[in-house]
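Comments concern the structure below.
Chain IDs A, B, C and D follow the sequence of writing; residue 1 opens each chain.
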Amino acid sequence: MHDLNGTTVAQDDAVAGTPATPTKAAIAKEDAAAAAKARRGKLFADLAPLIGLAVLAVAFVLAGTSAGTNMGYAVETLVNQSVIVIIIATGAIFIFAMGSFDISLGASTLVAAMVAGLVHNATGNLWLMLGASVLAAVTASLISATLAAVFNLPVFVTTVAMLSVLGAVAAALVQTTGGAQIRIDRSFAREYDTLTVKIIVAVAFLALCVFLFNYTRLGRVEKLMGGNPVTARLTGVSMKLTAIAAFAIAGLGVGLGAFLTALRTPTLTVTSASDIGMNILVAMVFGGMVISGGPRSRIYAAIIGGISMALLNQTMSIMLQGMAGGAGIAQMVRAVLFLAVVWLAASGFRTKVLPR
Amino acid sequence: MKITRKMAFGTAAGVAAALSLAACSSSAGTTDGSSAGATDAAAADPVKMCVLVADVTSSEALSFRDYYTDYIAGNFPVEFVYSDELADAEAEKTAMEGFIANNCEAVISFASADRPTQLDMAEDAGIYYAVATGALSEEEYETFKDYEYYVGAIGPDAMTEYQAGYDMVKHFTAEGDTEFGIFGGGVPYYLEMHIYRAAGMLAALAEDPTTSYGGATEMGDILGKIYQDGTIKIADFESDVYTLSGYLETWDFDAAWQASMADMIAAGPDAILAVGTGNAILGAAVDGTGIQIGDIDAYTEDNLVAMENGTLGFLAGKFTSINGPIFAATLSAVQGEPYRTAEGSAFALSQGYWEATTAEEFQEIVDADNVDAPVYDVDALSPFVASGASYDEFADFVSKYTFADLVG
Amino acid sequence: MTNDVVLTVTGMSKSFGVVRALKNVDFELRDGELHGLIGENGSGKSTLTSIVAGSQPADTGTMIFRGGPWSPATVNESLANGIGMVVQESGTVPGITIAENLFLGETGQFSTLGLVNRREMNARATAALEAIGVTDVNPATPAGACDFQTRKLVELARVMMYDPAVVVIDETTTALGQDGRDLLYKAMDDHKTRGAVIFISHDLDEIMSVCDRLTVLRDGDIICTFDKDEFDEGAIRAAMIGRSMEGHYYREDNKATANDEVMLSATGLNLGDKLRDVTIDVRSGEIVGVGGLSHCGMHELGKALFGAVVLDSGAVESRGVRISNERRAVRNALGYVSKDRDTESLSLSASIRDNIASAGLRLIGKGRAGLITSGAENAYVKTPMDQLEIKAPGAGTIVSTLSGGNKQKVVFGKWIACGTEVLILDCPTRGVDVGVKQAMYRLMTQLKDEGKAIVLISEEMTELMGMSDRLLIMKDGRVVREFERSADLNEMEIIECMI
Amino acid sequence: MGSFMRRATGTLIIPVGVFAVVWALAAIDGASLFSSSDSLMILARTTAVTMLTTMALAINLNSGRFDFSLGAMALASSTIGATIAINVGGGFPAMAAVTLAAGALLGAFSGLLYVTLRISPLVSSLGVTLLFEGLAFTITGGGNISFTQYPELVAFGKNLTALVIVIVLALVGVYTVFDRSRFGSDYRALITGQHAAVSAGVKEKGNAIATYAVSGGLMGVVGLIQASGKGLIEAGSINFSTIGIMFTAFLPMFVGGYIGRYSNDKLGYLLGALSMSVIGLGYSALRLTSAQQSLITAFLLVAFLIFLSNEERAKHWWRRARLGNRPPSGPAAPPRETAGVGASA
């Protein structure tokens, strides 16, 4: 799945175009042209998700205004619906950047939200609730990471196992209440389920992630690992510590996302947060994240992708309201757009053999 | 195929164009739809009613939907906007947000993952909210009954659910059956209505003096035990008369589940008592075994076939147009005449099931009430839509819901 | 031997990015001859033959084969039409059987309705192997379960099976034991009765003993061609290196020098049959060469010294610190340049900047609370890029677009920039052109003068002799002999220890 | 003969061991694994579903191609097959033929999309999952397809003989296609030598599309069996709710890879699936709750992977402890199975 030899095609093209008796200057010129072509491809790939976002924003505004949608409320809704996915997906980029794959994030969001709910119900304290949520999520995340590190397992498989385990834990947590749900006090949830709280949490966490990813060793090392794990190891990178750090950050994101989930939907059942696991994956890819990680990982992917998805979902629901089977059509349109954006984003990075 | 970047740009531009075109045409479509509705109903401005549905795939949900979108929308000045399948509270909230943004004037909710949140959102947004085929818990009712935009609830309350389970067992024991299996459906997920139905079944059996469930014989005790265990334990069932030979509930339809189902059927009970969707899940398996299913579901074609061939021995079901009165109350509220109780609160009215034990009864019900000719038709509902009817008149209308009341 | 010309190459040029691998080359192959090609790495031997055998196109030039124009688009097309090549790097696929490898992409000939008749295929495979004298290989064995020599012989058999008029054999003998070599020599000799052979080797003695004619390449040019009766070791060597006028290639001095401080010491290293009781010390200002045949264990030793393998027993220490893993190695200023540059030393899809900075992120962040800004990073990367003259449009250039030499410079840059004190180099000049090679040697000399310690693992004897203060020869996982730098080191004597 | 014994032991140790342990646990609890006349049929049915899913997953995952769309392919193909059989007629033969063909076509479409777009197969499969789920939803308008009125369409899923025949045919078919055919040898060459095989003239794109088509066809059969097993098709499953089935295939796939070292990986998938089905019967006999089942299955997955990943390490320690520094003797270990390459990503 690694996109090695990323731009070899560009090089081949340049070589094929070399004139019959190449002078040094001509070679240099060809070289510059090849490099420029590669840069254009890269730039385009970087821009594709933004183009997608812009297209969707335009479509949303057009659809919304012509259908008489309450745009002010709709925009606020956009934030409400995307912020949790954005937070969790941004944290998860630390896992994906190093070439690992975590399928259990949705389940751990659920468990963390439930723990948050139980702690709140026991203590009534907002901060304890937040702390418990983060602690539960980080713990779950670190169990996967340490299992994988200690026993040399592929992370993906440990997270598949975690998915089952967390599902069972959620069922057990619900049973402690002697009912189908963990209910958090409604008025308390309403007090804090505000745009301000969401934006504070999101901005704080995203700033932390951007800082760690772009301005510290951790982000560089993860991209190196994603690009070529053997090289990373032979450059003195501790794979285990890096993986544990990445999973801890992702856990923090899940914890915060779960905290907001508990406030947004204070009635938690075993099916709560069931869509989040896949949504964060789609959001990341939609936003231009390379799923195999490596040097082209982008910390902003989740933000772009999360908003794009919320825009798309709202546009589709405006357009298809009242239509039987509309959900199926909406989902197919989503799929086509998703594939189109991914394909555009990968357009500068073709190889001779099929990507894996 | 060689894909160039030019094509890529083309695709992107095309997608944008298509989306915006679709956007325009969709608004046009909305207008068309409403004018069509208006022609029939001879009213100018259709009321946009949005419907929250947790499970859009069941045949029950589909027939309810047909009743609203085909019959009601064709005869009243309304248009219906349905939600997608709602898996959880988050999905409900997202759908509510979409409804509010898109100027719904009322929400009729079939989704119960987080009713308090829905109620709060509707109240904040100033749109009417009604609960269909369900009820708020007492505690919830006390909290929300004075909300200005809460219309009320019509549907089986917990006791009605309990009664349906009770009636089912009474039917089979009257036929002389003594050995049963129970399909507990959503009991492990603490689905309240399933627990009450199961409790009703056990309580009916426990009327025999030698019979008890873990020592419990009364409704309250039985409910308590089920809530405590989160399941039903057949080992705790004691009786000299009756046998509980199998128990199954819903989870992944995997090897273990299928083996458990086979065990339950292999034990050869006289009947399997299902808290819901029993025929859909077990019908194929019991076909030809002589075991009957008692079910609480809806009057669908599948269930009719099952009753004809003897698989389905008892059905307590919601009839197709059961949601007529809640619609009438909601539309009335939107048009400025909400029904309020004497205390000025939102109403909480109960409606129960229609029961059928033979194909003939079943057929009678289907003939009497279907999407084309519902029992709650225009004539029945119109007197309660902004026509000055009092709360008591409306409550009386709702309470007469049985087959005998409505059909004769 | 007839004197008919079977293949003519005229005015062929080929560039890879900024590296000109072939410069307007003319070459002639006669029917019935065994024609040797010799030259330093990067001299253009493999480029020339790979174009002839269809694995890449030339930029310019024409080829005439058996009287007609020749420009094969693929290796298979070339093979089917009369020119086959056994490549330097392993070309077998590990997950399929020997027989399937022999008929890779060609299994259609055994299939009816898409089903492969394996009995027939295996029988044909056995016959093909026996044709080159290999009798002890079961064609149903997965290639991945066979040793390197067997896989190499399978490649030879695959080519020979087509009975091409021209067979190209590219530096295959380094992978072969004596028995394998004998099989190869016999196959080549037999083939002369049916066509011609181009044989590429680094081993001057070997090439002189088996070839009828010998062409020397250097820096993408053909220098000269010798007939058998003109073979003279001195003259050939002079033609190969031929750069006395261009300043010193290797080190100028002939004396072993080193400071006192022991920078790296390994004691009693054991690892399966790869390392057996290896003990070495490397001192400040010293270049310790390690040589031997490909599978003598020297590459494993390189990794072991860097803490990159889990040893059965033994320990590596650097200035009092036990080097038990790569992380501790880097923290203690060790650096490692792998033999497999693209897969082990670089992140190809990353930029030059990302690669060079990767070992020094702590240094970049030092004094600024770990904060890594692009300004600081660019400044950090600029020095090695300038010093090593890495040819690229900028530090943001993706490494996969660079030539082999420049890639290797990036790897060196990574270790130099972070202040490495002990550098373990495994075949550092593999696949780089002569100019870069010279730059590397200069750099090594400079590092030695600065008091760094260097372990130079190489398959090239001239390089080892030219650069090492001490030269350790390994065989079967053991250090069998140690030579000290002096003017009168005898290459033959050294090679004898290896075999 | 020694080699035969070694191979037979390696092949059978897992299924026989699992059976013995599960049987013993059930016996201690006083329960029987085969308590009803349908037990064997259920064993065959779940074995068939698990084996086919495992094969469908493994044939692409071996090539590093991760496929989330397996469940969606089963859903969409069975929805198409059932809709046509119910609305057009033709009975079970029509339903089976259409479902199988639809599965293969959907698979081929998925493969075509991947080779045309040349994007990561995992990402492509995410899009394909959404597409196929959406397709099934659109066909039925979101409703379930119930077979209560058409029991003849699903009788095959309750027929032990039919299920055993499906298992045998699928095993022989997949073995023939991947181990005996020209396509198969190209396929296996591409797995471990993508570049070498492509440069030797193997048509990678066609091979990939065909592999996806086979995977889709297998999932079509799974869809058919599941429709029979449940008596209904939940065509309203969207938002990735079909991906769950993929996770049930991991453990059998790893077991299959292990067994493949001693005999054949396809046979291994069967035995792995059989083992999982026996464990399922055990869960039922022991009356474990679904939460307990998930925990045990997760534990088994991790434990088996720990065993696989640390086998070499364990041997290394063993060698150190027993032999000291003497070199090991004996033949080289068989090559490690490449299954799970993609999963490590």
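One rule holds for everything that comes next: contacts are C-beta pairs under 8 Å (C-beta built on N, C-alpha and C of every residue); 3 or more make two chains touch, one makes a residue touch a chain.
Here's who's who by UniProt: A = Inner-membrane translocator; B = Sugar ABC transporter substrate-binding protein; C = Sugar ABC transporter ATP-binding protein; D = Sugar ABC transporter permease.
Bear in mind that the values here come from a model prediction, so they are computed numbers and not experimental data.
Asks: Could you tell me which pair, A-C or C-D, is linked by more C-beta pairs in contact?
Replies: A-C
Asks: From the C-alpha centre of chain A to that of chain C, how far is it in Å?
Replies: Comparing mean C-alpha positions, chain C is 42 Å from chain A.
Asks: Where the centres are mean C-alpha positions, what is the separation of chain B from chain C, in Å?
Replies: Comparing mean C-alpha positions, chain C is 74 Å from chain B.
Asks: Please compute the C-alpha centroid of chain A, do the same for chain B, then give the distance between them in whole Å.
Replies: Here chain A and chain B have centroids separated by 36 Å.
Asks: Among the residues of chain A, which ones contact at least 2 other chains?
Replies: Residue numbers touching two or more other chains: 2, 171, 275, 324, 327, 330, 336, 343.
Asks: Mind pulling the chain B residues that touch 2 or more other chains?
Replies: Where chain B meets two or more other chains at a single residue, that happens at 3, 56, 84-85, 87, 188.
Asks: Which positions in chain C touch two or more other chains at once?
Replies: none
Asks: Which chains touch which?
Replies: So the chains that touch one another pair up as A-B, A-C, A-D, B-D, C-D.
Asks: How about chain A: which of its residues touch chain D in the complex?
Replies: On the chain A side, the touching residues are 1-2, 99-101, 147, 151-158, 160-165, 167-168, 171-172, 275, 278, 281-282, 285, 290-292, 324-325, 327-332, 334-336, 338-339, 342-343, 346, 350-356.
Asks: Looking at the complex, which residues from chain D come into contact with chain C?
Replies: So the residues of chain D in touch with chain C come to 176, 180-186, 188-189, 191-193, 196-197, 199-202, 316, 319-320, 325, 327-328, 332, 334-335, 338.
Asks: Quick check on the complex: what are the chain D residues that touch chain B?
Replies: So the residues of chain D touching chain B come out as 35-39, 41-43, 45-46, 50, 116-117, 141-144, 146-149, 151, 154, 158, 226, 228-232, 234-236, 238-239, 241, 244, 248, 276-277, 279-285, 287-290, 293.
Asks: In their complex, what parts of chain C are in touch with chain D?
Replies: 55, 74-76, 91-96, 100-101, 103-108, 110-111, 114-116, 118, 142, 144-145, 270, 272-273, 276-277, 310, 312-313
Asks: Which chain B residues qualify as touching chain D in the complex?
Replies: 1, 3, 56-59, 62, 84-85, 87, 188, 231, 251-260, 262-263, 265-267, 279-281, 283-285, 287, 301-303, 305-306
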